[in-house]
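Common to both upcoming complexes is chain A, partnered first by chain B, then by chain C.
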Partner chain A sequence: MVTQTITWITARGLFGRRRFLLLLPLPLLVIGLAVLSRGFGVAPEHWGEPVLVGLGLAVVLPVIALIAGTGVLGSEIDDGTIVHILTKPLPRSQIVLPKLAVATAATAVSVAVPLYVAGVLADSVGLGLALAAAGTVGALAYSALFLALSLVTRRPVLLGLVYVLVWEGLLGNFVSGTRVLSIQQYVITIADKIAPTPLLEAKVSLPVALVMSALFTVGFTALAIDRLRSFSVAGETS
Partner chain B sequence: MSELSGVIHDIGYQRYAGPRLGRRYVFGSLYTHGLRTAFGLGRSAKAKIFPWFVLGVVAITGLILAAVRAQLGEVVVTYNAFPDTMSWLVIFFVAVVAPELVSRDLRSGVLPLYFSRPLPRGDYVYAKFAALATAVWILLGGPQLLMFLVAAFSADNLSAVWTEVGDLVPGLIYALLWAGVFAGIGLLVASLTGKRAFAAGGIVAVFLMTTPIVGVFAVLPSKALNELALLFSPSSLVFGVGIWLFGSPDGNDDIGPFGPLYAAVAVGLVAGCVALLLARYRKVASS
Partner chain C sequence: MTDVVLDGVSKWYGNVVAVNDVTMTLGPGVTGLLGPNGAGKTTVLHMMAGFLAPSRGAVTVGDVPAWRNPSVYERLGLVSEREAVHDFLTAREFLEVSARLHKLPDPSAAAQRALELVEMTDAQNRRIGTYSKGMRQRTRVAAALVHDPQVLLLDEPFNGMDPRQRLHMMDLLHNLGASGRTILFSSHILEEVEQVSGTVQVIVAGRLAASGDYRAIRRLMSNRPHVFAVHSTDDRRLAVALIGQPSVTGVEIDKAGLTVRAGDYGSFTRALPKIALAEGIRVRRLLPSDESLESVFSYLVEA
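Moving on, here comes the complex of A and B:
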């Protein structure tokens, strides 16, 4: 019952007042570019990689997960309304889990649908489904990570951007060791193993991808629940 | 009629007859304050973490490039290519600084206080834009200057130093172009929301989502579209203007006869962003 209420409040905070419109342009861009390339008759080898990986998995997935994942709890902390929930005698898991579910669902829907469409246009229904499934796994792991970040630091979005831009974006290209801790690489690997195509290039092994995704999700959810147990509400200082 | 008993004493009240600092002073203060805010100066250590992290990474990269060049004697990254190499860090820097400059003012409701001074609406926008552009220019130009100093001191004769100056100046102009385009777009996105978190996410989304468009347009089966592809993303737009002004660094990227168009779009983009900011602040101030 309480879970429902928290889910409802969170969903309204994320989508209410036409804020859901802000989540639309990125997915539409993926579909638009895929349709455009297909319409011009370009071979998928040329446009598949920039659209599916470069835009879909490297930008749309982490950015939407970042906004949704830090938004579900972070904006309540910013506004101070988190106090109303924290003063209720609820297990902290009953606060974190519904919020994680909302963030994951929002990210998964706005990522899986355009990736499915683009995957079908690029190759086959199989690739579309594989990308959608892998995108959902990624949405869960990213959301758990960013939700935990919003409880660990006062600047979760910037720290999340450091992870997405510097760790996955810059270092992932140069230092191969960082790929073991990169959710983006897990998603690419999972999609590639479900529907092998030359469009995707798996750089870590499937067991690593699956185990690490699960570890990210469970570990950061546990961290978030733990941090919420001893959460202190402080005013904005700097 | 009773005797008047009241007396007015002259206790020395005077009109202010000194100089009035006026509009230029307000503008200068706002600009200086913005530039200091960009690097977290005069604020807590927490506010310095992210700007100085980016500045440190860019400066160290510049230093390493300069050292490699001094040791090996070959240019790994030219002055012009340096901003291109650092583009992701510039995006992150703008995402950190732009919300600090404008979103905080929106959130804490200080705009009516600002506009009650002799400060025209436009000056607020121009001061913030100039502050952010200067900050980005310092971020890129500082390491370029560092590379120049290392190269100049390891040069054999004076003419080599002059050649180096001839390379540095276009590099600094190019960095200024980067600064203008990125500051314009960053401020515009940040001015839409008072929440710094959303502003930062929005800025990164705008910059990153446009990059793959270039990739797609570059492979479409039309030569004109390929040559126009670089227009569709801010960083590649600046890159295109750089090709037109200073020539293609490796000869791979062709913009055909569209060089002037690139320059016009870049100027138009900055002007458009500033115009939209002016419109935005006309509305914010009245509400």
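Moving on, here comes the complex of A and C:
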């Protein structure tokens, strides 16, 4: 009953906010570009990689996860409504886990659908399913990371963007070592191993991808639960 | 009985001390936590409610620590100062959510009872976003009361309420206290504290400046001049006569009348009628203007 209630109020809070609507164009853009490229008969090797990886996995997935992951708890912290949920005799895991589930589900649905469609148009149903599955794993890991960020910093969106753009986007291209700590690389690897195509290029091994995804998820979820246990409300600021 | 105990509690942020070595025990009944803005009232309340870790000392609610211990909320309710509520819910939904998160056996009945307690049953099916400030406040109080807690902490509960709502809230707190619950509310407005509770904890600049029945505190400060507001048929002549009295230490005159400072309560009140009679002045009003919490308070701030 508690889990359902938290899930319900979190989902209403998340989908009730306008900023979530702003995310609709991103998945539509992926589908639109794939449909256009296919319609004009452009060969998949020319558009597949930029649309699937460059846009889908490197931008759409982390950005949607960022909004959802920081939104489920961060927005309640920002406006102070979190106090109503925290003044209940609940183990903090009972608050964090349903919120993580909502963020993951929202991200997975908004990302898996366009990835599946684009994957089918670029190659095959197999690639579509592989991308959708890998995207769901990524949605979970990213959501756990961003949810924890919303508890450890006052600026979770900024820090999350730094991780996505600088760490994964910039350093991931030049410094190969950073790839071991890049959710994006895990997602690419998992998709590539499920349905090998020349469109995707796995840069880390599958065991690394799977183990690290699990570590990210469990580690940051545990961190979030612990931080919520010590959640402080600042005193009078004046 | 659930007592809230602060034992040698300090809280600092970096090198700013917000609360300095406060020890207090709150028992059943209504207690007012009084102090000017920025004195540390909210910090004290938040430590009691488990939302801040004391830097030193211990905060316990019914013998268990408040910090990192969600089980205290089984018997503690908090109404924080921030107004935020989930605007997209109706009061009814909000109360039922609260009741469910408390794992109450009958959330609907608990919600109904709490809404009746704060007189919010009429508007219960409207979205909270459409409420006035006072209605939101009452909804938040209802949410804090939904599980019938032994301890209720309220931060500035009367803010934004109109006089009728204020009176109703005072009644509610009074009744809750009379039924054996431990109620603590903070305020920087003295009349509120005076009307609801006889027991006061005064916090000034992070320190506990006074504690106990405010009238008793007042009596302890007998070295302080008593102030009377006097109005008569001839204030100026009365002032001249009064200043000749050894018991009078000062007289001020303005449009509203006289403000008389007396060193000794007894001899001044005995002398005044005699002087008035001798001078042929009729005294229209005599008010001991400092028997209010205001004077206790400003005295403590100055000290």
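The rule is short, and it goes like this: the second predicted complex is superposed on the first by the 230 of 238 C-alpha atoms of A that agree within 3 Å, B and C clash if a C-alpha of one lies under 4 Å from a C-alpha of the other, contacts with A are read in each partner's own complex, and residues count from 1 in each chain.
The rule is simple: a residue touches a chain if its C-beta (ideal position, glycine included) is under 8 Å from a C-beta of that chain, and two chains touch if they have at least 3 such contacts.
It should be emphasised that the depicted structure is a prediction, and the values quoted were computed from it without experimental measurement.
**Student:** Following superposition onto chain A, is the placement of chain B relative to chain C best described as a clash or a fit?
**Tutor:** Overlaying the two complexes on chain A (C-alpha atoms) leaves chain C and chain B fitting together cleanly.
**Student:** Can A:16 be said to touch chain B (first), chain C (second), both, or neither?
**Tutor:** Second partner only.
**Student:** Applying the touch criterion given at the start, work out whether A:83 contacts chain B, chain C, both or neither, answering first, second, both or neither.
**Tutor:** second
**Student:** After the superposition on chain A, what angle is formed at the C-alpha centre of chain A by the C-alpha centres of chain B and chain C, rounded to the nearest 10 degrees?
**Tutor:** Computed from the C-alpha centres, it is 80 degrees.
**Student:** Contacts for A:29 in the overlay, against chain B (first) and chain C (second): which applies, first, second, both or neither?
**Tutor:** So A:29 only meets chain B here.
**Student:** More residues of chain A are touched by which partner: chain B or chain C?
**Tutor:** Here the partner covering more residues of chain A is B.
**Student:** Would you sort A:229 into first (chain B), second (chain C), both or neither based on which partner it touches?
**Tutor:** second
**Student:** With both complexes overlaid on chain A, does A:196 touch chain B (first), chain C (second), both or neither?
**Tutor:** Touch partners of A:196: none, neither chain B nor chain C.
**Student:** For the superposed arrangement, tell me the lowest C-alpha distance between chain B and chain C in Å.
**Tutor:** Taking the overlay as described at the top, chain B lies 14 Å from chain C at its nearest C-alpha.
**Student:** Touching chain B and also chain C: which chain A residues?
**Tutor:** Comparing the two interfaces on chain A, one with chain B and one with chain C, the shared residues are 238.
**Student:** Flag every residue of chain C that touches chain A in the complex, lowest number first.
**Tutor:** Going by the criterion above, the answer is residues 11, 18, 37-38, 40-43, 46, 49, 51-53, 67-68, 70-74, 76-78, 80, 82-86, 88-89, 94, 97-98, 100-103, 143-144.
**Student:** Which positions of chain B touch chain A when the two form their complex?
**Tutor:** The contact residues of chain B facing chain A are 43-44, 46-47, 50, 53, 88-89, 91-92, 95-96, 195-198, 200-202, 204-205, 208-209, 211-213, 215-216, 219-222.
**Student:** Considering only the defined contacts, which chain A positions touch chain B in the complex?
**Tutor:** My answer: residues 22, 25-26, 29, 33, 36-37, 40-42, 46-47, 49-51, 54-55, 58-60, 63, 66-67, 70-71, 74-75, 78, 154-158, 161-162, 164-166, 169-170, 237-238.
**Student:** Would you mind writing out the residues of chain A in touch with chain C in their complex?
**Tutor:** Per the stated touch rule, the residues are 1-2, 5-6, 8-9, 12-13, 16, 79-81, 83-92, 229-233, 235-236, 238.
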